[in-house]
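In the two complexes below, chain A is the common chain; its partner is chain B in one and chain C in the other.
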Partner chain A sequence: MSSAAFVIIAIFTLAAALAAATLRKLMHAALSFAAALVGLAAFFFLLGAEFVGLALVFIYIGAVAVLIVFTILLTRRDVGEDRGFNWAGVIIALAVFCGLTWSILATQSISIVAPHIRALTVKRIGEALMTGYVWPLQCVGVLLTAALIGALILVMEEKR
Partner chain B sequence: MSKSIDQVFVNAKQWLLSWLAGSPTWLIQVASILINIFMLLAVFLTLFALISVLERKILARMQNRYGPNRVGPFGLFQPIADGIKMLIKEDIVPERADKIVHFLAPVLLAAVAILTLGVIPYGRNMASFTIDGGILFFFAVGSATELAVFMAGWASNNKFSMLGAMRAIAQMFSYELPLIITVLPVVMVVGSLMPDRIVAAQAEYTFGVVPRWFVFTPWGAAAFILFFVSGLVESNRTPFDVPEGESEIVAGHMTEYSGFKYATFFMAEYLGMFAVSGLAATLFLGGWHAPARVLEIVPSYIWFFLKLSVLLFVYIWLRGTLPRTRIDQMMNIAWKFMLPMAFTCVIAAAVWHYAGRGLRGWLWSLFVIAIVYSALSIVLDIRRKFAPRVYRFAE
Partner chain C sequence: MTPTLQIFLIVSAALFSIGLLAALSRRHAIFILIGIELMLAAANLNFIAFWRFAPQPHQPTGVMFAIFSIAISAAEAAVGLAMVIAVYRHYHTTNVDQLNQLKG
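What follows is the complex of A and B.
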């Protein structure tokens, strides 16, 4: 059952990613990108990493996709119009893909059987964050608070 | 006896699945999933039909008129008539609209609402699916609502739609913060993101009388009110239905929708309302637990739907009572009042926990909330500006 699910999700994700790369309208591409991220999240679910999948949906669909869509809407005039085909982008994408594939195939460790890993529950992630990774977590928290305050200052009404 | 009535639906599902005994495991899994999906849709779409007519009835009662009373006894068959009407209406898609996205937006919105309904436990052993991070799932999937609303607004290629979508997204983003942060104290106290565990943690009774629902602690009460108001905004209900304020921007992001697509938007709004109310009942009102030990003979799902109905009635009541707020007032209260209060709830819950979860903790957390609440009110009152409103961008 899980291999059938894998194939379905893989086809969906690849189709969405391909659509994101090739669709003529920029907004369609952005929405397809969001769909591809849903497929990625489904992969994480399939692998038993629920938290990672949920975080992916939360951050990338709920925030990043909306951010991208708004950026397109607010910065470009040709939102609804067709875009041209970017050959340089195709070449770079192909180069990156080939490089990654080559490096993955050239790695020895891929043939080694992975050790048995305990299920990645939310509780374990929480414990790890609250014991071993308190410092990085707090630093990220401070950084995000600073970003939040910065955003508030940017949009604050100027005093006259 | 009461136990078998309590588990009648669970047993019925087991009985149905026993017909498949002997077939491969994946078939049984798929059948089990399909039964869950079917039940979820059947129950909540019926509830949607019922609530839509009840809402009109209750609103009519509040406005001193009769409301729908022509179709069937007491107008109860009104939703069927409405459904038929919506189905045979012409489906108008604007010439300049983006056809595909225009079609997908209501579908996505309804799908998100139905998915969020799935994690809520409706009774003992009755949840459509149980995952480790159920609460997180609720908000993660729910955050796709903004994208769906944007799709509706953008694809319609209409100024009113776009403006309405912008308003909707602005208010949803602003109120998602208090909505999620008010859930944190419950998650902290229970130590789990699973709705089942959260319900189980509210099982016992203090002094044998008062149920241990989180709403009976000071932080729980404050968080419940904040959660409820944020939920009101998230489901675009009056008094926060600014995105579809018909006197200002026609119907917001739904302007260019007609026929069954409009009905789908309507349905998604109601399903979202059920989901938020159901989560509020799960988190703060003890889920499917009975309010007293004697009443535990009444099946658990009846308690859940009773609590849900009370919350839905409050939604309708507020719609009949309050005028629409202005968008700047709404944003002000979200960022200046609700967000600090939500953080206070987190702190108060921590105080409650470390003071021993007893009477002492109760009083201390009440103290924390009262101090912050009064300080915030005083500061906001002093800084209130009485000057006439200035339109920055329309001068």
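What follows is the complex of A and C.
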């Protein structure tokens, strides 16, 4: 785990996330959101969780970011830009960041480096999903089905 | 010098705060959803970092948490964006300040 790669990925991710939070044009913000998720997937690769990084790229950039772009295109008749900006939110976010950073830096027991592990292969993840985690897996399947049916019913044309 | 767990947690806290900033200070409903997704992504980074820096990371528990969290946030995004489209159909706006029909 090299520190140069870490610094580059951290700067890229945080800059893209900040752009997603502050850009005025909705479409630019959605594309910056996708870029921030690419940086996050790079973090997962750096930490040795390749499967989660790939799942993040497939699900978030392939599905969620495209869904956000579709929604922007479907609802942009009156608003292409976001005008109002609430400055109280900036103060609250800064306060939360300072509090979290203070508590992280004050905890000495977490200033550790990563131990060496053998690589977490997809085979081991699949075995764990099919043995110990089979009930959560089924529940997530039911949840996704219910959420997709609910989303379809929400956007269906109403009959008068 | 290799990065320690603290540095990862600080990056994750920064990502969470940026998501909170987007969710609290923007007026457009899609921006609020983007902020919530950023906060969930920061939580996923925390799961993976704590799993990787644990004393015995041979159990893939943190990875399982992150996978299920990604699946649930995908469901949340689908329902949220469907609600944005439904609200736009009724009120012809997605500015959350104008959606004040329930205000007493």
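Note that in this section the second predicted complex is superposed on the first by the 120 of 160 C-alpha atoms of A that agree within 3 Å, B and C clash if a C-alpha of one lies under 4 Å from a C-alpha of the other, contacts with A are read in each partner's own complex, and residues count from 1 in each chain.
Just so we're on the same page, a residue touches a chain if its C-beta (ideal position, glycine included) is under 8 Å from a C-beta of that chain, and two chains touch if they have at least 3 such contacts.
Bear in mind the structure is a predicted one, so any value in this text is a computation, not a measurement.
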Chain B versus chain C as contact partner of A:Ile92, first or second or both or neither: second
Chain B versus chain C as contact partner of A:Ala29, first or second or both or neither: second
Chain A: partner with more touched residues, chain B or chain C: C
Partner chain in contact with A:Gly62 - chain B first, chain C second, else both or neither: first
Partner chain(s) touched by A:Lys123 [first = chain B, second = chain C, both, neither]: first
Partner chain(s) touched by A:Leu73 [first = chain B, second = chain C, both, neither]: first
Partner chain(s) touched by A:Thr13 [first = chain B, second = chain C, both, neither]: second
Touched partner set for A:Ala49, first chain B, second chain C, both or neither: second
Overlapping contact positions on chain A, where the chain C interface meets the chain B interface: 1, 51, 55, 63, 70, 79
Residues of chain C defined as touching chain A within the complex: 1-11, 13-28, 30-31, 33-35, 37-38, 41, 44-45, 48-49, 51-53, 55, 57-58, 60, 62-64, 66-68, 70-79, 81-86, 88, 92-95, 97
Sites on chain B touched by chain A in the complex: 25-26, 29, 98, 100-101, 131-133, 136-137, 139-141, 143-144, 146-147, 150-151, 154, 157, 169, 191-193, 392
Chain C contact footprint on chain A (complex, rising order): 1-3, 6, 10, 13-14, 17-18, 20-22, 26, 29-30, 33, 36-37, 40, 43-44, 47-49, 51-52, 55-56, 59-60, 63-64, 67-68, 70-72, 74-75, 77-79, 82-90, 92-94, 96-97, 100-101, 104-105, 107, 110-115, 117-118, 120, 124-125, 128-129, 133, 136, 140, 143-144, 147-148, 150-152, 154-155
Parts of chain A lying in touch with chain B, wherever the complex brings them together: 1, 25, 27-28, 31, 34, 50-51, 54-55, 57-58, 61-63, 65-66, 69-70, 73, 79-80, 121-123, 157
